[in-house]
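Please go over the structures that come below.
There are two complexes below, and they share chain A, which is joined by chain B in the first and by chain C in the second.
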Partner chain A sequence: MAGLGFACLVLALVVCVYGIGASLYGVRSGRPEYSESGRRSVYALAGVLSVAMLVLEIAFLGNDFAFNTVADTSSRTTPELYRAAAVWSSQEGSLLLWAWLMSLWSSLALFLTRRRLRDVAAYATAILLGFGGFFVALMVFYANPFATTHPAPPEGVGLDPLLRFPTMMIHPPMLYSGYTLCTIPFAFGMGALLARRVDADWIKAIRRFAFAAWLFLGIGILLGALWSYSELGWGGYWGWDAVENASLMPWLTGTAFLHSLMIQEKRGMLKVWNVSLVLATGTLAIMGTFLVRSGILDSIHAFGGHTLGVPFVCLIALMITGSIYLVVSRREMLRSEHRLDSLLSRESIFLANNLVLVGLCFVILWGTYFPLISEALTGQEASVGPPWFDRYTVPLALILVLLSGIGPVIAWRRATFANARRNFLAPLACGLLALAGLEIAGVTQKPLALVMFCFAAFVFGSVGQEFFRGTRARRAMASEPLPLALLSLVRRNRRRYGGYIVHIGIAVLFVGVAASSSFQHASQLSLRPGQSTRVGAYEIRYVRPTVTITPRYDEAHTGSTVSFGGLLDVTKNGHHVATLNPSEGFYASEEASQGSVGSLIGGQPVSHVAMDASLTRNVWTAIEPDIETPSLKRIITAGNNTLPPSEALVAIAYLARAYLQHPPPTQFNFLVSPLVFWIWIGGLIAGGGGLIAMWPAGGWAAYLVRRRVAVRSRARALRGLARA
Partner chain B sequence: MNPARKRTVRLVVALSAAVLLASALIYTSFSAASPALTPTQLVHEAQPGRSYELTGTVVKGSVHREGNVLDFAVADRVGGTSVPLSYTGVVPDPFREGREVIVNVEKQGDRYIGENNSLITKCPSKYKTAPPSENQNA
Partner chain C sequence: MAFLVVLLTLALIALVILVVVAPLRRERHSEQAKDGVDLASASHQPRRAMAVSRIADLEAAREAKYREIRDAELDFRTGKLSREDYELIDADLRAEAIAILNDIEAGN
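On to the complex of A and B.
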């Protein structure tokens, strides 16, 4: 099996090399049949890598520990669901996932453009195959997922318990889809420059893919934040960690591009800017992959060794120099067809939004790579923390939200005073109303949060007004009932109204971020059973300790040996609110030196957070039970000395009894965060809006109808020809 | 003013604003940054009241909890100097003796205090510790 997998990789490399040669030869010599063959190589690459992925997946599900990756990241005790996801928990497996997803998305992109953009697509094919070849070569020469050891070890070391969370199934594939989709606009942008076809056609062709990249990256980022909040014991959703930042940067430039491309389509302006954004997004996506895969910066996501740095640096250098050379050498072709008419126009608001987004990206880029920059300039490695990031990103985010409210209602070309009065009265009233309401409610201690709430209300007002006016116009025109009018309004202008829904979602998300970060109550303390503490308006009492012994089938089915927890009673003003049971799961380790009992629980402990979520607030609790206390440690040592591994589980029962009868003081971590749920709701709204905006016009039904009409008219034309 | 000249002026204004903002950014990043030090460097270079990012491994047998305060010592990766410190705040799940950690510390008198919630455990994988990087003393 491993042989088959590796053969697939070698074949994939051959396919890439052939495909690059064929498509370049085809476009250079004007022989489209070769470019065609190059395009088919991408399909072939997708096929071959699918087989490779399947081989690896079968090895993981079948516990084939002869595979080094399986032995390193999976085990018989790892639940099946997580064994399937363990494929991408290793360096090697995630490179394969990257290459595989890239080949699939590229195939789709090239299939959809097969009748258009011949020259551009041929160059794009070569570039996409270049990326594919790069990743396949990394696997063939540096990190082979199909490396084996004989004889096979009887058991693997298991998937890191931190990764045993349902999101593990979707977060990495989503992020990787986002990253790989970013390379498609990059490839077509480069292709357009190389082929000197820089009109709006290539932009139209890749618009949907830029959107998809934006959507997948966004979903991946949010899922990561959700994972961090609901699994890791620190209760945060964003920490300005290098790997988080790496995924946010291409998303920001991608967002900028999705706005500025409209100006190129509508007015033929900003061509240099657009193509630069596309190239930057692709480069940032590869830089993100590099940052994650090389371990060059300190991060809580320490995935890999330091082996893949040099090839990636070469690739990134090539992408940057290639991009700059092409943009500079084609600058004459990229001249704007129009000039900015006025600073008060939708174009200039889009431009401002682009500048803010790119500025935000630059701030994050600088902060993320600061340890390297500082070391290069001063010889001293130094890093900047979250406060530094917040200082710049908070005001920029405020401006961004404000602009997202102005953009939809300001006129194209030149806004007049009458126009402004007509369009801005209602949104402004919403913002001021929110301000007044919040003043009365007494929410004035945090001015920045207050400003964010008012700006968000402004956005709701401006987008709501657009929906209201559009629906009213439709009702007047087609005399449809209200829901139908709203629906057909959105259906007929998917991009526009989908985009507006995204604005609503982002504003909602920022309300959640501002509220939960500014008005959070936190408490970390040690409690004995019966003791209680106050967190915000809530009284939390530690009722009693709990233990679950679950060698295979624990509640969340993550395969922990035992979890120690505490039962908490949450009340507000004497009224019962919730009963929560946070716990910490202890997992087996493969280190025999820890003893027969010690190795049953000596692996990575993982928090199982318990929370009571509602739309207005979230009571979040985590526990750090201390199993190092002398009374428990005595049992472990005694068990290690007397019990063989087959009977070691008995000691766990004693451990549980001792913990329940004489519970040690236990460390708790409590958070009460207002409106935090709205971050996820905002994300869902934005994602839904994104889907609406990128959905093919008219949907599949309309596509089929169009196709049938096309086939029929072609048949008719043929009949006509035959008759003639 | 003719349109071409107006555009140039506008460009110059925009560019100088960008340059100003960028230099503010660059300046603050250098002044706000915490130098990354190993325990040996910290012992020699630390000035009271300044924040440093300390990287090293948790010394075996040094971890004690006193109520909310977690006391532990951080040593150079290759052994040698160790720095005892008191830390309050969230302790990441993977925190263990012998693990590599990053924590922001400040020197107060002759003691080192870990900044609240700044503790990061570097390698979440229990089995594959990241190989020590070549430039660890940089």
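On to the complex of A and C.
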């Protein structure tokens, strides 16, 4: 079956090359049948890569260790669900996932535009097939997911223990969907420039895909943050890791684009800015993909792969030079049709918001790539850590939240000062009330967090006012009861009110970030059973050690041979709050030199954190048990010297008993963080708002089938537009 | 097993070719059905395509203009625009929409 998989890749490459040629020939020679054939090449690519994906999935689920990727990332003891997801845990499998998702989304985009934008779509087809061909070529020539070894090893290495976490199963598909969806607006943007059709239609065609890219990237980023917080042993959700930043940058420029495209739709302005944003977003998405595959990063996210760096650099260079050339050469047709009517207008606020978002992106870009470039040039390792990022991103984030509260209460085109004064009263009052309340509560030690809370309250006030006034207006017009008026208001103005809900979600998320990072209580110390420590308002007592031995083929567990942990009792003011059991799993290694017993626990240990999460605070713990004490090492050494591999688990049992009977002092990491939960809730609210904003008016069925709603006759339209 | 793989591969190749080449076969059949090449029709195709593109752009602009008119009304009803400003803006927007409709009509 590996042969079928590789044949699919070769066939996909041929289809890409043909499709590029057919699309370009079709559009240049005015032969629509060739453009159509090119479009069908994208469908064929999706079909062929689906077969390839199926072949690889079957190999993983069937434990076919003849496949190198299966042997390197899966095992018989890996639970089935994780085995299914292990397909994309390797460089090769993730390339296939990327190409497959891109082909699916491209097929959808080209299907939806099959009757319009013929020339733009033809160029877009060629570009999308170019991306597809690039990734398929990487697999064919550099990183073949269907490479095999004969005879096949009897067992695989197993999935990286850090990836045995539910959100890690869907984090890559979500993130890659976001990345690949970014290529759709890029391709159509380039197509519009190549076809010299930069008016309203191409923007309308790609708007939902830009929104979908934003949504999926956001979900992927949030899932990654959740995994980092819940699985990794450092207790944080965002570390300004290069790969995290790489996913955030296209999300920021994508957010800017979703705002500024409204200005282009309404006023025919910002054409150069918008097309530049679209091209930048697509390029940043590819750069993000490059970072994890180039071998320049040593990170949990990275796949290594030194051989892939050069092809990616060439592709990125081509994208950047091509984008700059087209924008500069088409600048005459990208002139704005109108000017800004007033500085006091929603257009101005959107412009300011765009500048902040792009500024944030630039800061992150600089902080991410400067150390890498510096190291490449000077040979000396350079690093830019969280304090550097926080210094510049926090003020920008504050401005962003403030603007997200100002925008909703300002009119399009122009607003008067009198109107603005009246509209700002309630939101301002909310902000000031929040300030007063926090002052009374004594929450003043962290001024930046205080400012964020007040700005968030301002946002809640402004959006709340919008919903209130809009519902009131709807009731006055349609005499509907309150709940129906609210639903009608949102249904008839999905973009606006969906966007408002996104603003609420982002404000909630930033409240969670500000609170959890500014008011966190942390403690790292060594405890013996019976000892306690105080962390914030909580008393944490180390009750007793725990050990769990996992038989080698127990598929219900995380795959560790043995986990050493500790039972903790958490109380507040004498009242029991939670019982926590953090542990550290010790995994088998392939190093025979470690001995029969040593190799059972000589692999990379993985922390399994324990936390008590609530709406108001999280109590988070991690443990680093010491199994290197002289008495425990003696057991391991004795086992290595006397026991064959098949009986080595006996020594593990002795080790466990010794640990329980004479537990050594154990290193604990405690964190009490307020409002962490609201980060995830804020993300969910923002995602829900995004879904509402991109929901088509007639429903998805009508949108996909593109039923032609009867267009009003010209006379009726004119009567409706002309004032009596 | 190897025979099955070869068979599946060949079937996949055949299916891909069928799907991808179908438009070219359709076009060849329609050309063969005509009596000679209609030169006049062929020369009008690029202009027709441009006209269709122009109409599509205008239709997108029309929908955006209708949305702007609704947004302006909502801004007025939610107190963000004074009545005087709203009437001015609304008149401008309606005039712009009528101009777009006229352009669409002319294009058709």
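Just so it is clear, the second predicted complex is superposed on the first by the 679 of 724 C-alpha atoms of A that agree within 3 Å, B and C clash if a C-alpha of one lies under 4 Å from a C-alpha of the other, contacts with A are read in each partner's own complex, and residues count from 1 in each chain.
Everything below uses one rule, namely that a residue touches a chain if its C-beta (ideal position, glycine included) is under 8 Å from a C-beta of that chain, and two chains touch if they have at least 3 such contacts.
Only a predicted model underlies this, so the values are computations on that prediction, with no experimental measurement involved.
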Exercise. Could you check whether chain B and chain C clash or fit when both are placed on chain A?
Key: fit
Practice problem: For A:Pro371, decide between first (touching chain B), second (touching chain C), both and neither. | Solution: first
Practice problem: Could you look at A:Glu466 and tell me whether it touches chain B, chain C, both or neither (first, second, both, neither)? | Solution: second
Quiz item: Touching A:Asn423 in the superposition: chain B (first), chain C (second), both, neither?
Solution: second
Exercise. Could you look at A:Gly47 and tell me whether it touches chain B, chain C, both or neither (first, second, both, neither)?
Key: second
Self-check item: Touching partner for A:Ala638 - first (chain B), second (chain C), both, neither
Solution: neither
Quiz item: How wide is the angle at chain A between chain B and chain C, using CA centres, rounded to the nearest 10°?
Solution: 130
Quiz item: So, A:Ala411: does it touch chain B (first), chain C (second), both, or neither?
Solution: second
Exercise. Check whether A:Val650 is in contact with chain B, with chain C, with both or with neither, and answer first, second, both or neither.
Key: neither
Practice problem: After superposing the two complexes, find the smallest distance in angstrom between C-alpha atoms of chain B and C-alpha atoms of chain C. | Solution: 22
Quiz item: So in the complex, which bits of chain A are touching chain B?
Solution: 72, 157, 160, 162, 232-235, 295, 298, 300-302, 304-306, 339, 359, 362-363, 366-367, 370-371, 374-375, 378-385, 387-388, 391-392, 524-526, 584, 589-590, 603-607, 624, 626, 628, 667, 669
Quiz prompt | chain A-facing residues of chain C, complex | solution = 1-2, 5, 8-9, 12-13, 15-16, 19-24, 26-27, 45-46, 49, 52-53, 56-57, 59-61, 63-64, 67-72, 74-75, 77-82, 85, 89, 91, 94, 97-98, 101, 104-105
Practice problem: Name, in rising order, each residue of chain B that touches chain A in their complex. | Solution: 3, 7, 21-22, 25-26, 28-30, 32-36, 53, 55, 63, 65, 67-68, 88-94, 102, 104, 117-118, 120-128, 130-131, 133-134, 138
Quiz prompt | In the complex with chain C, residue positions of chain A that touch it | solution = 1, 3-4, 7-8, 11, 15, 18-19, 22, 30-34, 36-37, 40-41, 43-44, 47-48, 51, 116-119, 197, 199-201, 203-204, 265-266, 409-416, 418-419, 422-423, 466, 469-470, 473, 476-477, 492-493, 495-496, 714, 717-718, 721-723
